[in-house]
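Per-chain residue numbering starts at 1, and chain names A, B, C and D are given in the order in which the chains are listed.
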Amino acid sequence: MNGFDTATDTTWMSPEQLELVRAQVPIVYVEAVPVRVDALGNVTKVGLLLRMAADGSISRLIVSGRVKFGERVRDALLRHCEKDLGPLALPRVPPSPAPFTVAEYFPHPDISGFHDPRQHAVSLVYVVPVDGECQPTQEALDLAWFTPAEVMSPAVITQMTGGQDRLLRLALAHVGQLP
Amino acid sequence: MNGFDTATDTTWMSPEQLELVRAQVPIVYVEAVPVRVDALGNVTKVGLLLRMAADGSISRLIVSGRVKFGERVRDALLRHCEKDLGPLALPRVPPSPAPFTVAEYFPHPDISGFHDPRQHAVSLVYVVPVDGECQPTQEALDLAWFTPAEVMSPAVITQMTGGQDRLLRLALAHVGQLP
Amino acid sequence: MNGFDTATDTTWMSPEQLELVRAQVPIVYVEAVPVRVDALGNVTKVGLLLRMAADGSISRLIVSGRVKFGERVRDALLRHCEKDLGPLALPRVPPSPAPFTVAEYFPHPDISGFHDPRQHAVSLVYVVPVDGECQPTQEALDLAWFTPAEVMSPAVITQMTGGQDRLLRLALAHVGQLP
Amino acid sequence: MNGFDTATDTTWMSPEQLELVRAQVPIVYVEAVPVRVDALGNVTKVGLLLRMAADGSISRLIVSGRVKFGERVRDALLRHCEKDLGPLALPRVPPSPAPFTVAEYFPHPDISGFHDPRQHAVSLVYVVPVDGECQPTQEALDLAWFTPAEVMSPAVITQMTGGQDRLLRLALAHVGQLP
């Protein structure tokens, strides 16, 4: 659906090929917690997509996606932010390549607390301030912004699966905003 | 023109008071390495002020200043960026309160490699992307932007004192741009 | 036997001097969250002291103390770990000088969520694995070890004041152990 | 004796399978910079293996290896440290899952400065203090310890390939020991 699915893209894999690879090695992912910040750098809002999660449920999710063969981590981070938040989001990819945490998703839910029935994914997670106008793309039903307090409320947490609520707590702790 | 000079500022200290305090405890500082970044977060330029350093020499320096009593670290970071880079610099104070390194300045030059003849300063150092127009304030003679390669060249390094060249290497390493 | 008590220590300050300085500048602190780790680096236990907190209450606390004039941050961290955990604790001071977070304590409780009625303290906070035998020193009534789940339980959290429970959540998030 | 060689290990892949997968997705790696530290956490020595690098040359290298399907990052880090440094090395896997940097190795040498002709690898890099006795395993010809100054000397740097010298500079900067 996006430009990466064209025949000229040599990193393209068929769903069958991807399934085979996923059974053999961990897959590299990037995830971005989209945030609004004030002039002092304080996180004022956290953005969450509403869409189908890896387990098939309709869930609140952060930006997430695979790093392709030959692609830089930064490029993957920008590509997935633009794919999920729209072309006018103006994400601020952090200058440092080090993620604030690494989330390890396993097909079995009890290994790490992060769960993805499709695969073993090693996900580099970043907090990404976004300055521009965001709009959910066709894959997402909604994009909503919550304060750090709201995002930790039961009403929002119960809409998250696979450990995404825990990942948000880690992100808020990293920015010193965990209540 | 900054807060240090106004009578209404209750955190004001006379030069004599500050000198007395400096002889008794380490002083909290913040430092910012001002950078230009591209859409992918890569550092493309590093900004250096030309002004009088703590040792009295005319040197290339990053943004630096004291945290005042009652002041948040974020507020001090923004205040010093605006003081040194001008009111239109639009500095992007990082969301995380953790500095990428801590520089310990001592009156004796051989203790840590960071040297400030006036005091023992514990400095929290951040990389701060700036988006806006920067102009040196009256205290600075010049503000110049260098590529990561240029900033590590002998021509620039020899203009730095007190360990500021080493601090720049640590900053470039942190953002993965050390050659 | 530590530096605070000897007349030959030039960094000694009388209580009156310290009180004067505390009214004028933020004071540099280090804090250490003492942890037991397994061979894989997983935090299995968190150590908490029971002693008089800054507000006069008997509280559960992490290791904490001032950085003295002329003292390296590493030296202060080791000194306070040995002071609070005993001389056989074998603390593992981290190789990187960067704290995982900065806690800003203010005399007013509402500014940052970290509260110290005596002073404005800027505290560099580290997670410090300890391998040896720990014993509370005379200032502490007790030293107890809790699992990450226990330390987040209401029974333990209600024994903490000044924001120390929040600091523990930030530490557990940093090591990926926040439930 | 490691997992790659046992028939009962379901994550085993034949060299042909691995080659196919490597042509399709980036491979998750961990790397460890083995260090000796003093009681204050200062890095005093860096350990380097002498062995065949990915490009076929005999080079100075840090500990490195693949994360297997179903394996935690911590387990992979411990496994490769023990494989490369021997069973008595007592590596101290860091409590935080976040690497200090991410090194992206590409088949083409000019993309990132990190080069691996066999594959696109995304490598999570950690500084790992080792306390025990280290001995190179049969794959390595030698294991030698260098001071931070020595490791940056031309004599050592010229023995490194693929960007490993740069990775060492980033590691030394992270621990505040870059000269």
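Note that a contact is a pair of C-beta atoms (placed from the backbone, for glycine too) under 8 Å apart; a residue touches a chain by one contact, two chains touch by 3 or more.
Because the structure is predicted, anything quoted here is derived from the model rather than measured.
Residues touching across the chain B-chain C interface largely coincide between the two copies, over half of the numbers being common to both. Its C-alpha atoms fitted onto chain D, chain A is found rotated by 180°, rounded in steps of 5. If you average the Cα atoms of chain B and of chain C, the two centres end up 28 Å apart.
Remark: chain C and chain D have CA centroids separated by 34 Å (rounded to whole angstrom).
Counting partner chains per residue, chain B shows two or more touched chains at residues 72, 96-97, 100-102, 174, 176.
Of all residues in chain C, only 35, 37, 39-43, 72, 74-75, 77-78, 92-97, 100, 127, 129, 174-176 touch chain D in the complex they form. Of all residues in chain A, only 11, 13, 17, 21, 23-28, 66-73, 96-102, 104, 106, 111-112, 120, 122, 124 touch chain D in the complex they form. Every residue of chain B that touches chain D in the complex is listed here, in rising order: 101-102, 166, 169-170, 172-174, 176, 178-179.
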